[in-house]
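After this come two complexes, each holding chain A, first together with chain B and then together with chain C.
Up next is the complex of A and B:
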């Protein structure tokens, strides 16, 4: 089944590129302000070091060395995943209903993955450490270090996603070239290098294979694999260890990613009057996926809590008891549970459904998943198997420096969409072409 | 210890669980994708080269860019 948006014209599709509204400028200003807010704090961190955060060196400074930065890293990687998975599913298994939001999802992947990378850059203190620590060590440490696995696979994932976008955008730009602004001619020339219409069929087949690689790698081997393995393979942290972290991380990734797509697609629909291009039924469909993934998230939390408090090894029992006695954990669970209640209710009674309500629901889920992941990181470290530093660590509260980085990265994503939507169509031309047929690989 | 996590000394430091995991399992979809590009039909040289060019180019731009930033930091501040 596909969404019929063929009534929408090319003019509708190109509205973000051809129009400039006051709302756009306000959003641009807010995005820049959010980034400036973070940079003001980040400069302090660069100048004084990580001491300006509440992160401490374990055993010397108290608290925990991993906190909101790592929680936000996992959160952004998770958001990145669902985006490209949705887009790949459109191409791979003919989930054409979501074609109008496929490119928004791809762009969200690139923006969110960049933010995830930025958090690693921020977290290591001196930005040059990313290169000086990773490059020389990679050839001999990729064999053993989950951190090196992480860097390898995230790079591969970023490259696959970038290639996917670059190859699919050629079709649209070539056909819309006459209507695109001359200002960006050089960019379009570069994107269209060597293009001929004869390549379309070949490129469709290549993109099918890209989607194939992405849809296996992203859920099973990255957010259900390498990212949770950063934690799950460490037996010394009871709250982190175990195979359940793979599916658990994946459920959180998909839940937050669908939420991200809902928020951004709704913003474009509202800003450019895209009721026909991104109709209600897409949001209803996304809401059902959000409900399904949210249910998986809660189910996997239940698995962890039950196995952690019912006759568990002592340290795991302790870690789980800490988890369930943390009020903020229940805020996170409650936000996702409330979202499920609304989605279930609106499925039973369709009149309850509205775009603003599903956007609020999606935002609640995004907040809930960020809280859960940050607590996972912090509490896992605070309640390790060994007791060497029992007398040293203090409580952890995210500093304004860390909180500002979340605001800043949200600003980066806003700015990214505002800039990119002025250059390339954020909805694929295929979405409004009635004669588009799937190409056999 | 299971073989995946331990190897004879003479194989160190280049073989460990990550060797099998990253190159044998995690990157397998990428190998299949490349095989699909190169061996599937219909195929054409220009788009295939373009695809490979993007893979190599984006990787280089990403880490090359970070390397340049690192050098700038080194010479500007240290």
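Up next is the complex of A and C:
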């Protein structure tokens, strides 16, 4: 059953493209300001090197070589993967209720993957070599280095999501072309190259298979695989090693992605008065998913803490003791736990539910997951198996240069949505087409 | 039934233990006394006070008599147990039988001790640890061609830090980057002052080369040196987080020694790759085993030497080809062992010598190419100030505090701040 959005017209759908408000310009300004804020710091890093961060060498050096950059990288990849899983589920198993937010999820995936890629660029000491060194090394290194698997799979996902988006957007643009602004004609021409209505049925089938590939690949390879394997396969760092990282990362990906979709969908709903296009029902549903994934997240944290405390090998026990005695860890867990309390309370007592409240809840979860992932990276390397050095565990608090990168990437996502929403409909035409029929498979 | 008692067993068993053990053994159809003795001696094997072979030999006949077979038998080696064979020769033969050290150990654990079961049946302690097999074990590494490595005699080290200073000088390292590092530590079961001399271990099974996404960190196949190609490294620091030893030093800012002060012959190796001297900004560096010396760039006479070895006046560092029995590391180990012989005439079951050797974190499976003579630091060991401070020899210990926290002002066009 689809959500009843038939009353919403094409006009409603095209509101972001056809209107220009002061609020839009303010948001655009804020997005650009956030990016400029980060760029000002990043220029320093390019000039002076990574010495402007608070990172250092582990061992004698009294520092940690990986920090917020890698934590934020995982966080963005998680949001991206969760987003595309949600969108794929809509297409694959006919979760039509969420069709109005499917494209938002896809766009979020593209934006978040870009931010994740950017964090790799920011993190490395020689960003200029990312192309010159990585491409020639690919054929011989991809079967070895988890980092190379990572780059490969992220690229694959980027292409997959881009294709997916491109294929579905052609249908909409073709039908809405008359009402779209002439300014972007060239873009629309390009998007519609070779389009004919005869392809719709084929495209829908192809999209179904793409969604199928994504659903299979995501838990096995992405946030349930390659990303956690960056850490899980290293036996020297007790806090990183082990099989629980895959499921744990996946739970975080889904939790933070649903939160991201809630925030962005609510922003569009508020800005363009889309109460009918993205009805309450969608947010209630997303809240339930957030509750479920959040519960998985907490449960997997419990698994790690319990196995790390109860008769664990000394280094793992030490790493876990440090984890549970870190106040910031409990801030992260507390934020997700509070979100759960609200979500379950509002499920029992529907009057407690409101869109602003669920947005605050989602933001809390996003903050919580970013903290948890960064702590995971930092504490993992702070408590290496070899503890003889006086400089181990080294201290780490992110520098302003590092913190600015999170602000900057959030700015990038904001800017991305603001720009894209001016060019293509961020809600699919299918979402308002009551006569939309499932294609025979 | 012949019982062999050992009054001098260092593991004491209280009456309660003995009563429970007897009770449980009596429930079986087998000899209670034999079971108790086996259990006691297993404790000694676990503690490393008795070798597995000795243990096996001691009870071989009685076990066969009692059980009809000796389940502890090492497959394929029927002749073991022949009274004319020494414990050492059995150890050697068992080593040859297994393809690698890992499987031999795992067999020794499973077949030799655990299969005995009696000790475990009685709750007689932890599973046999690595100590049961002496640290000075046969190498499982590739023994073809040259494999550079070191024997570092920690008993000779006096903590003067000359090796660290020489390394910094020769490679133009920035402050706080200690490709060679000597740390003084205190440990629970060791006398007050101990040293650990820690260069890169140049592991045969190195995690850093596996994880490197671009192949910058690589093993030079000619001689086993683990090197970083400064022209390729993207500075992701994955090698650093994968290394269990903490030997990597990233070039966070501009290097203290500018490029023009470094002779290109020290930088470019015989294959034409930039692997020598300190890394440029944004790239990872670590001990190279003085690749330039090994390539003959510093003259024929320097081949097979390192800066740290040369600077060591205590005869602690011995560098050379581990595959060559006559190389400095192998010769030193042999001579040192020769000088620390056990009195086998009085104690025939003891090892040939009293020399304790180990490889650092060998259980991580990295196959390190540094052999240490001396005691291995335990998990409880902590670094303490040494007899000579790092500052006294012009070095900075904690790079984070003393250099990196100053940010870009810490480096100023290659000059020290």
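One rule holds for everything that comes next: the second predicted complex is superposed on the first by the 431 of 441 C-alpha atoms of A that agree within 3 Å, B and C clash if a C-alpha of one lies under 4 Å from a C-alpha of the other, contacts with A are read in each partner's own complex, and residues count from 1 in each chain.
We adopt the following convention: a residue touches a chain if its C-beta (ideal position, glycine included) is under 8 Å from a C-beta of that chain, and two chains touch if they have at least 3 such contacts.
As the structure is a prediction and not an experimental result, all values here were calculated from the model.
When the two complexes are overlaid on their common chain A, residue A:126 makes contact with chain B and with chain C alike. When the two complexes are overlaid on their common chain A, residue A:217 makes contact with chain B while staying clear of chain C.
Of the two partner chains placed around the shared chain by superposition, chain C is the only one that A:147 touches, whereas chain B remains out of contact. Contacts of A:305 after superposition on the shared chain: neither chain B nor chain C is touched. Once the two complexes are overlaid on the shared chain, A:237 sits against chain C while remaining clear of chain B.
Touch criterion met: A:205 reaches chain B, while chain C stays clear of it. Applying the stated contact rule after C-alpha superposition, one finds that A:155 touches chain B and leaves chain C untouched. When the two structures are aligned on the shared chain, A:420 is found in touch with neither chain B nor chain C. In the superposition on chain A, the residues of chain A contacting both chain B and chain C are 126-127, 130, 140, 144-145, 148. By the touch criterion given at the top, residues 44, 47-63, 65-66, 120, 123-127, 129-130, 133-134, 137, 140-141, 144-148, 151, 230, 234-237, 314-315, 381, 384-392, 394-395 of chain A touch chain C in their complex. By the touch criterion given at the top, residues 176-178, 181, 183, 185, 196, 207, 210-216, 232-238, 240-254, 281-284, 361, 364-365, 377, 379, 381-383, 397-401, 404-405, 407-408, 410-411 of chain C touch chain A in their complex.
Chain A meets chain B in the complex at residues 126-128, 130-132, 135, 139-140, 142-145, 148-149, 152-153, 155-156, 158-160, 162-163, 166-167, 193-194, 196, 198-199, 201-203, 205-206, 208-210, 212-214, 216-217, 221-222, 225-226, 441. By the touch rule above, chain B contacts chain A in their complex via residues 13-19, 21-22, 25-27, 29-30, 32-33, 36-37, 40, 42-44, 46-48, 50-51, 54-55, 58-59, 62-63, 66-67, 69-70, 73-74.
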